[in-house]
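Presented sequentially are two complexes of subunit A, the first with subunit B as partner and the second with subunit C.
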Partner chain A sequence: MLRFILMRLGKAAIILIAILTLNFFLIHAAPGDPAAVMAGEAGAADAKFIAQLREQFGLDKPLLTQLGIYLKGVLQFDLGYSYRQQMPVADLILDRLPATLLLTMTAFVISLVLGTAAGVLASARVGKWSDTAISTLALLFYATPLYWAALMAVLLFSVYFNWLPGFGYETVGANYTGFRRALDIGQHLILPATTLGLFFMAVYMRMTRASMLEVSQLDFVKTARAKGLKSGIIQRRHIFRNAMLPVVTLAGLQAGQLVGGAVLTETVFAWPGIGRLMFEALAQRDYNLLLGVFFVSAAMVLVFNLITDILYRFVDPRIRVA
Partner chain B sequence: MKDPVLSIKNLKIALPEGADRDFAVDDVTYDLFPGEILCIVGESGSGKSMSANAAMGLLPDLVRPVGGEIIFDGTDVLKLSEAEMMDLRGKKIAMIFQEPMSALNPLMRVEDQIAEVFEAHGLLTPKERAARAIELLTEVGIPDPQKAARAYPFQLSGGQRQRVMIAMALALEPRILIADEPTTALDVTTQAQILELIRNLQEKHGMAVMFITHDFGVVAEIADRVAVMQYGKIVEAGTADEVLDNPQHEYTQKLIAAIPKLAAEETEAPVGKTPILEVEGLNKTYVTGGGLFFSKPRVVHAVNDVNLTLCEGETLGIVGESGSGKSSVGRCLVRLMQPDSGTVKLAGHDMAQLSGDALREARKSIQMIFQDPYASLNPRSKVGRIIAEGPMAHGVSKQEAYARAVKLLELVDLDALAIDRYPHEFSGGQRQRIGIARALALEPRVIIADEAVSALDVSIQAQVLDLLADLKERLNLALIFITHDLRVAAQICDRIAVMQKGKVVEMGPAHAIFNNPQSDYTRTLIEAIPGREKELAAAG
Partner chain C sequence: MLKRLTLLAAAFMVTTALHAEPVTGGRANVVIQPEPPSLMLGLVQNGPTQMVAGQIYEGLLRYDEKLQPMPQLAKSWEVSEDGLTYTFNLHDNVKWHDGEPFTSADVVFSADVFLRETHARLRTSLEHVESITAPDDTTVVFKLKQPFGPFLGIFEAGTMPMVPKHIYEGTEYKSNPANNTPIGTGPFKFAEWEKGSHILLTKFEDYYEDGKPYLDEIYWHVIPDAASRAVAYETGVVDILPGGSVENFDVQRIADMENTCITDKGWEYFGPLSWMWLNNREGPTADKRFRQAVMYAMDRNFARDALWNGLGKVSTGPVSSSTRFYTDDVNQYDYDPEKAKALLEEMGYDGETVRLLPLPYGETWQRWAEAVKQNLGEVGIDVEIVSTDVAGWNQKLAEWDYDMAFTYLYQYGDPALGVARSYISTNIAKGSQWNNVEGYENTEVDDLFAKAAVAVTAEERQKLYDEVQQKLVDDVPVAWLLELGFPTIYRCNVKDLVTTAIGVNDGFKDTYIEK
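Take a look at the complex of A and B:
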């Protein structure tokens, strides 16, 4: 097992460097650079000033040299300096990361738990009205564009009913502390997290339902019945466990998007997370910051891939031992 | 006579609307007596499994009993509540199935699956259950029961998995054991062992066994009494000797006549005939696992230095158990798979070395027929297209290719109208005929038939074998017939190569292989053929 993890980590490191390199060239292929943007904003777009800025940021060196400097920094856990924000990139990211993780993790748990539960329920009542209702709802969630669902949620629950706050991370100026603050953040979290989770909730529901129905037709379920087992035990022990295998794969994919996947939601709900940081960095050609965000989200995908694979070894002995 | 342990009276089981007939089981009456093995024999769709499933309350959802009774212990099990049925299942009537791979939960250890039987009926403590599991595994003859108990199903062989199923079924000393085609998915030597095990356990525990099978060879090995089913009705019943030696009903006679006989005829040696296919030093290894880094790959030598010659107009059988490499040889010959080394000379060209257009051209002369008549035809293509596609790929005009397809359909005894229909509209036997027509479309000189009749019922199998023999004669084809079924090989092959673990262990004329096998392995295989002793006794 340890060997497996070490091997996978080795592979992940290589993939990560490849991704960084690719991102580096992609970003530089776009027109404009931070020096030009900054000079433009300062209203001093004369060539000499821009050249001076370039020299200061190291942008005048050959591209490959720049890449070398950057990769060397990354290997020493230095993600560089954002000249726009006048702060180290790592600090900027670490500052925003908790908010994003809170949002996406909550969305992940909501979608996984509710989606799977709805799928199990629907499969147990296949063909009845409750199955039809759940399946229709899932189709609706599946087909609704995220930003539209987000706007509607704000309109309905925040503007019309005034039940929940519609934007931000916490109530500005309230200066809550301790439990009161946690409760406040929790209230702010409900709408964005639910909206973000809708799509995957629908996917989990559909997959769980289909998978449960498929597994319940398999021979070993008949064997279980032939033993005289109660149907509750058959559902839990024989059908559910086997039906969860494809869901685990899917959950791994969703978890990988935890950092990068919330740009839209964070924008609509004014959530102070990585997604918005990335958007701003892009607009400002803030190379180092952009690369840093990409690096963190790519690393996240790889880490969750690894976790999924390890988890899979626990749920499916065929992969563990073979 | 003793009282029956199970009495089925005038049982009627309805099929859902739109099925090919109204009743899966139509007015069926039979008794099962303690201490006997009753074989219910029939082809697919005869309804042979249905009455047994009804007795367990395990019928598929859309199929339901609509008349008659199943009397067990003085009560009609059809009238029992689900809770009463649960008490019956596993404890008084137990069941084993055909596919020992899929009949066990892949995610649970063997001991837990056996312990579940006790748990279901609220018996024993967890510790006692584990101990009983080991005892049961020992009783069914699994090597190293301690280790097997901790294993997952995929770590066991097919025969071992079926032994686990039997151990589970025996756990509560049921009065009836229902065995639904329990040896059909197993190799012939494993089948012989499992049949012997069932027979021994039945005698030791005095159970009644209801044994459902399509195979008369198996019936000859194990049955005390036999009931033959066709279209949901019992057409003939009696003791095993009566039914096998002196069948009264026309259908039974036809079924028994369709079983390929073991006595292979002496054929002239292919001396003087021109070899069309010469295989020398063929090797193929499979490597699994082993990625970018140091993990150790698993290497299987699937084809190990195989040499074969096939002459014009000859049928060469490649016989072996699963994993012997017989299909890998077939795939290397048509270059569906790249051999590691060796030459495959087809009419002078080395198939193993060709590539691009030359390979495409050479492939015309060597075509393949596959095992599964369902999976081997594209369900989205009409039959005409399936047959004409090959010639069209080689530049024949569409019109001509379709005209030829019609002729080929007639050649394989199908209606010319079939070209406008889809594969799902045909039965298994008809689909296999379509597969044969497709293989013939390119006018090959060699046909490789990989288990081409293994998925078919015995009466259909006989027809397809006759067709192949006839076509071979008329078109002067050479045939390589890959099969696990020695009876089929005995009937159709001139020469036979026996394979084991990637190697050809024996090769010779069919009659020599069957009457005077040289290698131990061939002898084991032949002795394991079900019904062989009875056939020998009858012949001699």
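Take a look at the complex of A and C:
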């Protein structure tokens, strides 16, 4: 097991460097650079001033030299400096990480738990009205654009009913502490987390339902029935456990995206997370910051893939043996 | 009956008295968009930085809506008769937010050392300065090489912010850790910045003007989505939406809300003027008749009424009407498609497609580009809209890779500061979108701008600027659109929010909230 993990980690490091290099060239292929954007925002600047900025940022060096400097830094766990924000990239990312993790993990749990439960329920009542209702809902959640759903949620629950705060991480200026603060953050979390979870919830619903139905047709289930096992035990021990394999794969994929944040959701709900940081960095061509966010989210995808693979071995003994 | 009237009158008098007397205390909740990259105004001068940091840092002067100088850190000033010596007398009881005294040495350091290195716009103006000296702690003398007409107009906080010498002298300015906790002399001091969420400024108790500021604190809310900013106002989270905070199509709806006031004042110093760059070097836009045809073909009244809610003004030429030395005694380009068609026919326009770059600043600008495309299509000009993001737009302009491109620029109160730069031929150079991007060359125009900048009397300058405006309007180097109106929306019980020519950018020291 340890050898397996070490080998996978070694591969992951190589993939990570390859991803960074590719990202580096992709970003530099986009028109404009941070010096021009910053000079532009200053309201006036001559070419001399922009050249002065480029020199400060090291942008006047050949591209390969810049890449070398960057990779060398990363190998020493230094993600560089954001010239626009005048802060180290690692600090900026760490600053935003808690908010993003809170949002994406809540959405993850909501979608996984509700989606799987609804899928199991639907598969147990094929053709009945509850199955139809769940399948229709799943289709609706699956097809609704996130941006629109978010705006509608704000309009309905925030503006019309005034039940929930429409944006932000907490009530700014209220200075709550302790439990009151947790409650406040929780209230702010409901709309963005639910909206963000809708799509994956739909996917889990559909996948669980289909997978449960498929497994229930297999021979070993028939055998279990023939042995006279109770229907509940067959559902839980035999069907559900086997039907979970594709769901675990999907959950692994979704979990990998947790750190990357959610650009649209964070933007509409003014959630101070990494997704927004990344989007702003892209618009401003803040190369180091953008590469830093990509690096962290790529690393997370790799880590969660590894965890998924290890989980497989627990869920499915066949893989462990192989 | 009489008694009741008397009571009413008394009540009215009490209310008026209350109105006149500012209320101390309270919190202002304001939208800031986009989030400023830094609050160190000496290093970063973009719009959002200036809006927040303009309460932290101060300049020597402020300007009223007629652009007349008002005291700030300088309580008085004199200009010598030859227009070469400017003497400023500073308040003597000013402290930095860390308690250190503010003196003339800080002024000399800021203007002569720090900002000469970091402030792209100011350092051009400082080229006219021979020396900056401090004969004593409260006096600063600027000596010029030759008279420079707009000189008294470069002392507001965004153009010449005072930075603390005791913190920055001898350090690497850009990476000084103090940049994250800015220290100024302004009415509010920096307290807290939760990136992505809010910035908090609190009242500076040792502020040198007695009784000011009135507010206890200002919360700046960072809300990236325009629709969410509108919701923030509607749900009462914020009370002030500075100009440009919400999309134009939302302005009227919000302005109609109860207890809501709206003003387009507070932009006089900037005089934001929008136009389309027309590439004077090649293609149909190189022909003056084509450029004139574009002016006649556009229905700019429609654009103002439909896209900008009727706010702003149809531009008459290169100078905004709030800028000094403006004249409307120029050729007028009213909406006249027939005239446009005649000009195109005269030049033998062959229907060549022209590329138009909209400004990537949101929905209004996209719609505006579509309206212009339709207007030009009606007179037979084929327009292709080329979309980019801000960085791409910057690059295309700086590399002259366009036929027509939307933009808007600030004028900073004087043609020598914010107008000449777009038309003089010495300013033609690739690599910047703030110079003569269109490639217009006219030695007469160069001459007039040069003479007007250094002319000593206002009459002389007016005469020269009148002439240059007439020439430019005849040549149409760029297609002027609108003097933009950016409405500030706020609850009506917020008083004295906009008191200067840069409005909320330095105005919060006068602001109070009526209970």
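Assume the second predicted complex is superposed on the first by the 319 of 322 C-alpha atoms of A that agree within 3 Å, B and C clash if a C-alpha of one lies under 4 Å from a C-alpha of the other, contacts with A are read in each partner's own complex, and residues count from 1 in each chain.
FYI, a contact is a pair of C-beta atoms (placed from the backbone, for glycine too) under 8 Å apart; a residue touches a chain by one contact, two chains touch by 3 or more.
Being a predicted model, the structure only gives us computed values, none of them experimental.
Comparing subunit C and subunit B on the residues of subunit A they touch gives the larger count to C. Contacts of A:Arg225 after superposition: subunit B is touched, whereas subunit C is not reached.
Of the two partner chains placed by the overlay, neither subunit B nor subunit C lies in contact with A:Met1. Residue contacts after overlaying the shared chain place A:Ala143 against neither subunit B nor subunit C. Of the two partner chains placed by the overlay, only subunit C lies in contact with A:Glu280; subunit B stays clear of it.
Of the two partner chains, neither subunit B nor subunit C is touched by A:Ala29.
In the superposition on chain A, A:Lys11 makes contact with subunit B only, not with subunit C.
When the shared chain is aligned, subunit B comes close enough to touch A:Arg318, but subunit C does not.
On subunit A, the surface touched by subunit B in one complex and the surface touched by subunit C in the other have no residue in common. By the touch rule above, subunit A contacts subunit B in their complex via residues 3, 7, 10-11, 218-220, 222-230, 233, 237-238, 241-242, 315-318, 321-322. Those residues of subunit A whose C-beta lies close enough to touch subunit C in the complex are 30-33, 36-47, 49-51, 56, 83-87, 92, 95-96, 99, 151, 154-155, 158-159, 162, 165-170, 172-173, 267-273, 276-277, 280, 283-285. Those residues of subunit C lying in contact with subunit A across their complex are 27, 29, 34-35, 37-38, 40, 43-47, 119-121, 124, 174-175, 179-180, 194-198, 200, 217, 219, 221-225, 227-228, 231-232, 234-235, 237, 388-392, 394-396, 398, 410, 421, 429-435. On the side of subunit B, the complex with subunit A involves touching residues 56, 58, 86-91, 94-95, 97, 99, 102-108, 116-117, 119-121, 152, 154-155, 165, 168, 291-295.
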